[in-house]
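These are the structures in question, set out in turn.
Same chain, two partners: chain A is paired with chain B first, then with chain C.
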Partner chain A sequence: MKLLKNIDKKTFIAIGVLLVVLSIVPHLAKLSTITLMSRIFILAVYAMSYDILRGYTGFINLGHALFFGSGAYIGGILFTKIDNTMGVFVLAVIITVIYCSLAAYIMGKIVLRGGGVIAAAMITLALGEIARNTAERWRSVTMGADGLPFKIPDIFRDRLGFYYYALIFLIIMTIILRQFILSPTGRVLMAIRENEQRATFLGYNTSKYKLIGLQVAGITSGLSGVMFGILNRFANTDLLSVQQTLNALLITLVGGTGTLYGAIVGSAFVNTVQNYLLDLRSVHPIFERWLLFFGAMYVVVVLFMPEGFVGLWNKYLKDRRTKKNSRVFEKGL
Partner chain B sequence: MDIFVTLLINGLAEGALIFLMASGLSIILGLMGVVNFTHGTLFLWGGYIFVWIFTFTNSFILGVLGAIIIVFALGAFFEKFFVSRVYGNVPAQILITLGLQVIFTDLVRLFWGATPITVARPSYLAGTWTIGGVTIVQYRIFLIVVGLLIALGIHKLLSKTKIGMVIRAGVQRPDMVQALGINIKLYFTLVFAAGAALAGLGGALYAPLVGSISSTAGLHNQVLAFIVVVIGGMGSFIGSAAGSLFLGLMGAAVAWYAPSLAVVANVTLMALVLAFKPDGLFGLAVKK
Partner chain C sequence: MNPLLKVEDLVSYIGLYTILQGVSVEINQGEAVALLGRNGAGKTTLLKTIMGLVDTRSGLIKLDGESLVGKPTYGIAKLGIGYVPEDYGVFDQLTVEENIKIAMWKEDKPTLEKRDYVLDLFPDLKMAYKRLAKTLSGGQRQMLSISRALVNENKIILIDEPSKGLAPVIIERLAQALKEISKTTTILLVEQNFALACAVAERYYMIDEGKTVDDGTIEELKQNTELQRKHLGVI
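And now, the complex of A and B:
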């Protein structure tokens, strides 16, 4: 299979073992753990979509939650206004894909005109805030700041069943995004990250490729939003807020930017820590203020661990390899 | 006619407030190439410290001064301990200021609570004048005067004094300024803190205008300031002044004639400016 061609045997076995463990665990775990893990899977996809942008094109999008929240709202609104069946779910997925690629196109057209990372960050922040404000004011459809609770298709109702759907969702999206990164288009994106000027000189229309990257990221993010909405059976304007974008940013930072798998590691780490700290709130009320820890983690990671976990691990592997090689070399002498 | 005058005054007052935030942001961006995402939080701290001191001492002037001093110190702290470590690394600057913004916005909620706190205007600014059938709110006139004074002051400082000369030179070639034996790092800290103090002043003056302050006000005003900086041109002082005025006037007009479009108008304007002049109306040729 082409898909497996560039995975070596060791990694293949490791992934196999991991999958077996992940499919057995929910049968032994508490309901809250199952929900937490489903959450980890879905947010991992969301963070991966962010990594496509930040890690592979170096573009900091502070309005990324726009896609995520829209996905959740599209699902919620359709389930409320039409019916909560599988057919509507498929419809919601299709509409989300169309909506997100359109939104990404418009966003890209505004943001990718000249300007560097700074301008892009400022403009996307403004765009994201506008989307959140609009959702807050458009009470007849989104129920404003109260949030929109909705019914979900019966097939998703079982928490254990949904765990598997979330896992499958994560696996499928990981494969798709990995193929995207390895495709010629993905390679051009990486070239742009490394040296945009050089990529331009090679004849690539860099803003066109960035736009493609933005659209792929937007659609992925929107789909994870649909899943997240179904997990919570609720959508509110927080899903569109800057905080939600920062969630993805922190997850990719902790896991390691530009690694794709870093998003999965980061999502597991951040969500577990959040859950653990919230459990501690009976000890001291300070633990209820998750955002304080969130911000502190942010600053610490940026200052002291900019490569993230996966980056550190890759570095360790590389160091070991160099050491081994140099030892062999010395013996040879 | 009277509607026109009212809208003009409202717009100018709003513009003056936005200007206080945007000018600091713009100078910091121009000199250091740092987008300060903590600006909204500094604005918020200014507002809350003002309300806190004002309710304690009942003195408007003490409240404003206190807000300026404390936010100045906060800005210097941010620069010295966090931002200065990541100069030259744009993504890290954005990320670290975002992290600080999250922490300090949540600290506001921790100290003062998440519910809005109401605050009255001081008695000597609370009244209105009626001239030829037009009601003029004194506090808005006060804001316009403060905004004008600050704008003139910064302009004089930048164009006429030695400090201003160093800052203007630093915007163009910071390494060269350093090579001439001027401690540019000290200037970086000072400018960052001064920009923060302007945001703090903005927050302090904003609270009595709206009549209350809540923790969401920071981000909202930060977005406005960002839009101004983008429209006016990155790092251009005149651009941020013109952009603030324009945004304030447009905001007042849209709020009166088409309130439902208020949210979309700003961004549409930004998109239009970017479509025709990607560097902003008064964009500098210097790109960092």
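And now, the complex of A and C:
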């Protein structure tokens, strides 16, 4: 079972229990909670896509929402212009994969010509804004700033049913991305993150590997966009904005950059806190300014817990393992 | 016989500064050659220039008759040059195993045999196989760095000051390992530790102020105390 490689028995049992709980919870929860959890699952995939870039290649892409928003729009436009059937959903997935792969390739070819991390961040920011402006002005197709409401396939209409689809989507994408990270290509990306020059003198064309990373991240982001569009039955230009990119960045920061699973923890934490703060608006008017609390929370996380939740946990486990190995090593001497 | 690595009248620069001002070196297949000279003479820059990490202004660098000038670093490495930098160049956040695996271009039988060979050569690495590279000592990191250069079918390996910062007992073990490696691999060794250079290399090139000022066999150099004093500070 290559898929279960590197997963110890305890983790395997924990994942099993978690999946059982996640399967039962929606039957006991309110509709709003089910929707919130579906949102957590989808945004976790989106944040994982960002983590592939930021966490595994050190590449800061401020235009990452370009893929996410495009996925939502591709689904919405096809459901509106053709039909809201499963066949069209499959078509939307295929077109999203092709579109995001091509867009990531073009973005990569422009950005990876050199110039460093800051230049890359600025160029991707500009590319993202070009996409957002294009969507805003192309009213005949996207309905501009008003946003595009659309009907979705019947199979996705039931919130409870969609919860399970979102959960399956998260599981499948987590497995795929985990395999990608554990693959030789993933290992090279980790080496690039640590020291790009060292990777080059081992014979790796780092630009090529970064491009692969960007394409994988772009496609994953696009697919999460399709699912997010279906969840909301709506797409607007906010989904293409830099704010949407920053959401992914903040989720990965809170969960733990470069950990992959951190995106899931981060998405659960950020979305739950956001939802809670929004609910508190009816308690006191100060919570109308919920973004202030949110901002303060991020500052606290970055200052006192820069590794994020999963990063901290991994660090604890690694230190424990290293101490254990060191003891064995010393005994051997 | 055509040399495996040929460097001729090489001039290279970093920013506004010309560092190498006419270096010529020839290394034949199977040889172990030491690049000697004082601090700042240009030895490390020569290795970096060969690897394409420092820009070349003029001159030629050829490996097996193929020019390396203008080629990207990864392309030069792929042509069969293993590089062991003076700061070891290991990936601290990866384990010893991952560091070695990442250096392996293939996982076929010959490569796996080479991996087993380096683990036998450096038993410390075998014992620390699952540990993060950042937890290794300086000597172990050096062993890991050399191992990574050896796991592929490299034609030559360039080793930059392997003894730097290491305890004498570790240097002694390293010298034995390098001597063993030199039996099967062509080596260009930059070294300030004269004893280590003598233990590993058969020939030397002396570099001073960015130029090749002398060359010959190590035996000749051992006899020439004047040259040792002048360029190596050996009394």
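The working rule: the second predicted complex is superposed on the first by the 314 of 333 C-alpha atoms of A that agree within 3 Å, B and C clash if a C-alpha of one lies under 4 Å from a C-alpha of the other, contacts with A are read in each partner's own complex, and residues count from 1 in each chain.
Keep in mind that, in the parts below, contacts are C-beta pairs under 8 Å (C-beta built on N, C-alpha and C of every residue); 3 or more make two chains touch, one makes a residue touch a chain.
The model shown is predicted, which means the values in this text are computed figures rather than measured ones.
Put simply, more of the residues of chain A are touched by B, taking chain B and chain C as the two choices. In the superposed model, A:Ile152 lies in contact with neither chain B nor chain C. Residue contacts after overlaying the shared chain place A:Thr200 against chain C, while chain B stays out of touching range.
In the superposed model, A:Val310 makes contact with neither chain B nor chain C. Once chain A of one complex is fitted onto chain A of the other, the partner contacts of A:Arg187 are limited to chain C, with no touch recorded for chain B. Within the superposed three-chain model, A:Thr322 lies in touch with chain C and out of touch with chain B [touch as defined at top]. Once the two complexes are overlaid on the shared chain, A:Leu211 sits clear of chain B and of chain C alike. Those residues of chain A that touch chain B in the complex are listed here as 54, 58, 60, 62, 110, 113-119, 121-123, 125-127, 129-130, 133-134, 137, 242-243, 246, 249, 253, 289, 291-292, 294-299, 302-303, 306. Interface residues of chain C, counted against chain A in their complex, comprise 51, 53, 72-75, 77-78, 83, 85, 89-94, 98, 101-103, 105, 127-128, 130-132, 135, 148, 152. Those residues of chain B whose C-beta lies close enough to touch chain A in the complex are 29, 33, 35, 82, 85-86, 90-92, 94-96, 98-107, 109-110, 219-220, 222-223, 226-227, 229-230, 234, 260, 263-264, 266-267, 270-271, 274-275, 278-279, 287-288.
Of all residues in chain A, those touching chain C in their complex are 184, 187-188, 190-191, 194-195, 197-206, 318, 321-322, 325-326, 328-329, 332.
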